[in-house]
Amino acid sequence: MTELLGVLGRYALKKISSLGRSTIIFLHSIIAIPNLKKSFPLLVNQIYFVGVQSIIIILVSGLFIGMVLGLQGFNILKDFMATGSLGTLVALSIIRELGPVVTALLYAGRAGSALTAEIGQLKASEQLSAMEMMAVDPLRRIIAPRFWAGLISMPILSLLFCLIGIYGGKLVGVDWLGIDDGIFWSGMQASVDVMEDLGPMVIKAAVFGFVCTWIALFNGYDCRPTSEGISRATTATVVQSSLAVLGLDFILTALMF
Amino acid sequence: MKYLKTEIMVGIFMLLGIIAACVLALQVAGLVLNSKAELYTVYAKFENIGSLRLRAPVRIGGVAIGRVTAINLDGESLTPVVSIGIEKKFDKISSESKASIQTSGIIGEQYIAITPGFYDEDLGTTYLKNGDFIADTGSAVILEDLISKFVFNSSQDSSKADESAKSSDTESTKE
Amino acid sequence: MSEILDEDSLIKVNNVSFSYASKQIYKNLSLNIPKGKITAILGPSGTGKTTILRLIGAQLTPDEGTIEFDGINVHSLRRQELYELRKRMSMLFQSGALFSDMNVFDNVAFPVREHTKLPEELIHDVVLMNLEAVGMRAAAYLYPSELSGGMARRAALARSIALDPDLIMYDEPFVGQDPITKGVLVKLIADINKSLGKTSVVVTHDVKEILEVAHYVYILSEGTVLGSGTPQEIVNSNDPRVIQFIQGDFDGPYAFKLKGSQNYIEEL
């Protein structure tokens, strides 16, 4: 019994100390007066890796999720003679939930794991140490631009996901199943609000971007510098990010909608 | 020039984000910044507007001719007043037309359907113009009322009225 | 044995103890690194020779004791001050630790670009001069993945001297190199010390190579200094443990077999 308590205690201490470490790392990388001339190209480069290279997977997933929603929604609404509400159904479910959540999950899998592996690799090959010994703070040079890039990219990716998802739903509902174009859009326009739906969506996406990027960077920075350590850290990134996104989604939804 | 390709791609990426935000706001959320179609406003009093929402479509024979621009409550008569924006090109709508709140499908969105009335100058009817009231209105059909009408017959209706009176009594005693 | 006077030393390690988790690495370790000289730190594998460099660079913090760089206690500094101090030291990592996403030129230019506001033309010249000094000018536009181990280390050396530091620390520079490359690296270490007057600390277990150029030698074992002195003194030492290490005998005070808790026969 006491042994169990000891194990639990050690586990809790380990988790709490890693939370503390991650916060310190985060603060060190963020609370820095950025040298705009030097930091901006780094940021642009990272937005390219984190954001631009995730576009394809986001667009393809968004299109298919929108199409599936259109198809399923049509089949259900048909029974209630309410296919006119398909636009509302597709738009609200994508904008309020699926858009930010699925984008964040894909982002964690695509960009988050890559970030962890990259930072872990830099650590394993002593590049982070070398940078530190050259009096260049790796938190500012390596971590900070990636963090900001993630924070900026996620809302944009999420917006793109929503847009293509809604057009995917329209493709199925209007162009294939023959719902009236006007009804589809007007129902949607009547129920989707910029401040009540789109705003919270962008906020959600930014929060998810913040959390996923932070988790990914910390796992990479804190991993054991071996091949096994890197692969574990990468797995941990995807698992922790996914759990964090789903949990936070509930909290944010409860707060904002 | 090392970052050139990256810079262009990132620029396009940011641009796509802005475009997506605009399209979502305008097309999906129906945000009208400066609507091209100019509207004139007429008013209609309803007993009950059901779940009619702002920006719900206004239709004649199923064709959208405008939107609900505001929903207010008349302070004196305590009846809802709906402001209906109609596109200026539809200016030949008789003042005898009827406005009613209808639902697309059973659980669909609610909209205002305008049934055009007769037009005869001799009888003093005019075309609707800005600021007019539509006199003939039909309130929203409340699904719950429909069901209760269907389930209870008229005698039970009266007992139900009693019950509601009682319940309002109990409520007032609570206070 | 000759002792180093305090005022001549750039780095003073005073009674440092350090342990990783449960493993004690150093116990009351004290040593002085003389200014402007090449100091070799020798020792068998696993005695934590690299750790001493990381302690000096303040990447690790000792459990007890102090380390002074030019009279400044490196572990008492705040983050900002530490980064200022680190501009005066540089370290050549075992693998070279070149940034894999930049070519050799940008690697060498990296510290210059980060810490100075020199115009790009001047940086170009500085980088090429440093690369020429290590004989790597022709490889300026290759990426680290295209370099051999020896070339990577030379490029990394060019990067280490780019900011004109007071101290250069070499972490196992000869590991896994062919004899010619070893010779080249030994010559480079000597040249950089001689022509630029840089204090150099070389951590290695390649005795033969380093004794040719080192001015002063420390032999570490089991967390403390086993012996120290000029190469001459070390070679002529009559401490059996020093002799075994220098000559590479497999039998001697250091057992070939790890000490086990159980008797071999019993365990079988």
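Should a chain be cited, it is by its letter among A, B and C, assigned in written order, with residues numbered from 1 in that chain.
Here, a contact is a pair of C-beta atoms (placed from the backbone, for glycine too) under 8 Å apart; a residue touches a chain by one contact, two chains touch by 3 or more.
Here the structure is a predicted model, which is why all the values come from computation and not from measurement.
If you draw each protein chain as a dot and join the dots that touch, you get a simple line with two loose ends. Comparing the CA-atom centres of all chains against that of chain B, the greatest distance is found for C.
Looking at which of A-B and A-C shares more C-beta pairs in contact, the answer is the pair A-B.
A separation of 79 Å divides the Cα centre of chain B from that of chain C. Each chain gets a centre from the mean of its Cα atoms; for chain A and chain B, those two points are 37 Å apart. Between the Cα centres of chain A and chain C there is a gap of 43 Å.
Along chain C, no residue makes contact with two or more other chains.
Listed in rising order, the residues of chain C touching chain A in the complex are 54, 57, 59, 79, 83-87, 89-91, 93-95, 97-100, 110-111, 113-115, 156, 159, 163. Interface residues of chain A, counted against chain B in their complex, comprise 41, 44-45, 47-48, 51-52, 55, 77, 80-85, 88, 91, 95, 153, 155-156, 159-160, 162-163, 166, 182-183, 185-194, 197-198, 202. Across the complex, chain B meets chain A through its residues 3, 6-7, 9-10, 12-14, 16-17, 20-21, 23-25, 27-31, 53-57, 64, 104-109, 111. The residues of chain A lying in touch with chain C in their complex are 28, 38, 125-127, 129-137, 141.
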